[in-house]
């Protein structure tokens, strides 16, 4: 067995171990440690990606001395490695980009706690991506929830604490349902390991036993994960949480955490239940409908919003709607489009958050549009970055957003059901127009010159060097968006092959 | 060889970007006095770039067909450019107008301020338009169409006043709506066409299309309406009268003479080069399109007739005139297409002239309402004569150019099998021609023949500087002369029509 | 701006914080000052009036169903929806349960080769007499690893929320903490007497439960909880002053760090060797002896330390936001 | 659909499900934060009850090897017990987190009613 195959496990253990280690170090040290750790994990994941692409097949890795159904194991394929790589890059950039805010908004004595939370969150994301055991997945979902809550409320004011209360309530409902679904599944199949569960489920589906419990536990797990990943009607905690927590937390949460749950859901569909059973169970239609509603309502709420951070938060509600719409189409290509959209949205939304914070810093940290006027001139790089992010969100060609929209449309066409096709296309266009409305409004606002305002409120200009980490993050994110938009083909191929070896 | 196409696209964009960035840097040390001061290096840079790229554009478009593929945006969807007859026609018109208006704009913008930003965007938009005209497939076209919207918007909100911003938002939102309806169409066609590249006569895959006619027709209709936004077609025309008056005169001149033609070009490409005319002939789509365009023609003229503000009146007349073109395209007959293409050229020159005249009126004596212009001919006769020629051409009085194109439009309406709509169309065209006379000529009348004595008129300045008058005269002259000896152009347009039908 | 410093620099200074705390400005957007500042008696009346106004506001916005129709409508809808949802859920679950395999019978999918191997070879493979311990600490150790980190994460969140930083803002809770200290120890003879008798056996029992986790019922979690309970009882009886002689935050951090590190290292060793099919050098020992079953004993001790520390930390934090 | 004899036989699981519903409803409907947390705990407990019943087999011992008997017939299924152990730890940490959040909210807004807290926050906005 090649040494490279150990790397995923080493990644998980490393990120897990840096959590406790950070607890005794000082804030600065923990930051360094955290950055080093994430970089190392990114490099290792890239190596794993290269290895899996070369070998062209997924492999399983025993966690312990005991083979599959008895011990835990993790399973590594192209898709997992790809996601791990991209996630670590985005995590790194988010942490780098938000360092200044953290220094100002967090108490000096609680800096290191932030990084503990970040490390544990990252670890849980990796574990969710790699694990092949559904109960392990549950445990790490809980870690994910708790540490995400920590990231929200570490900047302490009424809004964030209330928001994290809402968040906890919602996600506890979700994880309760998820746990119950897992128990049902265990009861029906007698296994906790995904592949074995799939075999058993196939047998059950063939013999037609336990149909109702099977359906129920599919529903439970789907609803649970949908609640946790803030699908439309369950999004109430989201705007406050993203709007008032410190910037890097918002970026990480919106671009990674909710995606982690969605990936777990995809994993459950493909590896635990089997996609054909899912299709037969028609649960996808429910997701489809909720996704469509989310796509529209999220954008509508975003239009009504007067606080830029909350606006971006609402737009990510809409984007999650896109992803669920893709899943709901139920076709292979739909899922591919969703996975690609997970990547592209992660890139562009994190960019938007970083850029927005840059803009608000140039406007005396006010987030309302009135005081953002002309901020594009006060903080040039942030203005440009925000524009690019908005264009990517709006689906401007040569940026990531356009490609994912294009693939969603293709997926809609692949779908046999014509009403679904038309619905998907029409809602796609409508929500795109709404996106354009509020993003372009913001862009025009930040490029309306207002020297008078700036003078009267004495807003400082922020140079590129004056915010070096943020500039670095923004440039990297812009490059990422551009890359995803320009050469989407290889990534699409990766995702495709990854999904093939996923099930 | 194909590399020549890139020059007129890249060069202006790069130069414009340079200008923008430098003006941007200037903005940072934002003391008003510094912003006001213009620097001498601007004019030579802009003119040099314009001339070089125009020359390159001519060279690229008139030395045989060529094509170039930049890179693949997605699997089998390249970003590629291609020269063909239509592209050559549009490129020529755009280049001439852009160059002349560029000359005109220098004195004008000197009192609007922010020249660097304005000319930066002016150049960028020129490059983008070149890309639009040369684009070789639908996705490239869409890309440059969006770019055109985004980059031409700052010219609208040049003086960042509140109504300017509102108008720009309106413009942006309408165009984006249209673009996304078109995008929907692109998604559909990508499924049912062999290729999104432009093939004369269309490349619809009949096997795939079997049984999906409805969705294809819906898609085509969506694209017609979507691209029709730029061309000011009926349901989504409202941005035009809002955006033109607030923009500075040179900007509104190019907006209504060139940018709107971008929509026309897109429609030509979609209908005749991707879908194919036969697909929509005789379907509800054609009739809907005809009816919409005719309604727009009539309504535009009516509104223009009632409009007191000069530039707004011209904007409404643009709405109606561009729909002449759309009508010509919609009848799907060679004569109709010929007329439409001719009208594209003529209307570009004419409407440019009219807007520049309006600009001169504002520039010299700050008069923007029609009723204030009484007796203007006494103090600036040359300008008013140019205006009058252009007006006559637009109305279509022989031998002026407008007559030719309208003649062909009418002929196209005759020999198309659209029954009553053909006749109705001709009636509407004549009616709207009368209205055109009704809303353009009074200015000439009042301008020259007024009861007031010369000393009663309160126009502080006389004729504008030569740099503004010259382009005006050239354009007016073009508008007339093309009507006097049109044979070359008619053959060219007829040839295009023959190839694409 | 009359001051020398620019606005941003000034906002970083202590003086600015102090002033903000002093006049009690708090801005939900900036959120520098979180707690309500200490108010002296002169402002008490104003506070009460504020309270009154709040009550009035609640009456209008929350409770007044008659006038505030939209609240009423929303509440009605929400409740109806929620109840409906829950009833639906319960009905669904019952329907599912009614089709599940029966309780207590041996032949159902749950009792398959997995549990069989755990029971039949567990003793030999893990060396642990207590099969459950063997399972969670050796067969499925990855879950348990995650689990102990769940505890750790929870502790950190509680620290984030409730820890009062001495050198940080000194505000209301700090005050409360002070008073709390002054009151202690509440010389409650009975409590102290009982504690004197009970605490040592409790802690010893906890240690026993941990150490015999692999031989009988018990294990790290339960034992740790017991030790934590003992510590809490001691704290209640003798107060923080005495407790801090041997248990500070640093103690918690160091012990839990040590425990988790040890845990991670052991597990990564066994994972690594297991995955690469290297024979693990850890002897399993003879089952039934206390020093047996390889790593399980060590892991139990680690878990026990973590859990005990966590329990005590929770209590101390809730009690007065510090050790 | 509803197999009643089975349901009666599985009375324990049915009870667990009803408990789960109760907890869920509490978490959803109660305005008082403490009651919400209690609801959460009820929910978790219901799941543990369910799991414990999964493992139970009539007339068998707890899975601790007594004098060397290692036949499957002797002991109940150990897996659910382990899962319950994990679940308990998770719920302990989560409720600790929720409680500390509650404490903070109470210190700041002097009330436990979630609606009141939200209205207070709205007031702060103004």
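Labels A, B, C and D are assigned to the chains in the order they are written; within every chain, residues are numbered from 1.
As a working rule, contacts are C-beta pairs under 8 Å (C-beta built on N, C-alpha and C of every residue); 3 or more make two chains touch, one makes a residue touch a chain.
Treat the numbers as computed from the prediction; the structure is a model and nothing was measured.
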Of A-C and A-B, whichever chain pair has more C-beta contact pairs: A-C
Between chain A and chain C, centroid-to-centroid distance (C-alpha), Å: 27
Centre-to-centre distance between chain D and chain B (centres being mean Cα positions), rounded to whole Å: 68
Whole-Å gap between the CA centroids of chain A and chain B: 44
Rounded Å distance, chain C centre to chain D centre (Cα mean): 16
Shared interface positions of chain D, touching two or more other chains: 1, 20, 24, 28, 54, 79-80, 86, 90, 93-94, 97, 101, 104, 108, 120-121, 124
Residues of chain C touching at least two other chains: 26, 28, 34, 93, 95, 97, 99-100, 110-111, 114, 118, 140, 143, 147, 150, 153-154, 157, 161
Shared-contact residues (touching 2 or more other chains) in chain A: 135, 139, 142, 146, 149, 153, 156, 158-159, 161, 180, 186-187, 212
Chains grouped in pairs wherever the two touch, ordered by label: A-B, A-C, A-D, C-D
Residues on chain A engaged by chain C in the complex (per definition of touch): 1, 5-6, 9-10, 13, 16-17, 19-21, 23-24, 61-66, 69-72, 104-105, 107-110, 113, 116-117, 120, 123-124, 127, 133, 135-136, 139-140, 142-143, 146-147, 149-150, 153-161, 180, 184, 186-191, 200, 210-213, 216-217, 219, 244, 364-367, 458, 460
Touch list for chain A against partner chain D, complex: 135, 139, 142, 145-146, 149, 153, 156, 158-159, 161-162, 164-165, 168-169, 172-173, 176, 179-180, 183, 186-187, 192, 212
In the complex, chain D residues that touch chain C: 1-4, 6-7, 9-10, 12-14, 17-18, 20-21, 24-25, 28-29, 53-58, 62-65, 70-75, 77-82, 85-86, 88-90, 92-94, 96-97, 99-101, 103-104, 107-108, 110, 113, 115-116, 119-125
Touching residues (chain side chain D, partner chain A) in the complex: 1, 20, 23-24, 27-28, 33, 36, 40, 43-44, 47, 50-51, 54, 79-80, 83, 86-87, 90, 93-94, 97-98, 101-102, 104-105, 108-109, 114, 117-118, 120-121, 124
Chain A-touching residues of chain B, taken from the complex the two chains share: 24, 27-28, 30, 32, 71-75, 139, 142-143, 146, 150, 157, 160, 165, 168-169, 172-173, 176-177, 180-181, 183-184, 187-188, 190-191, 215
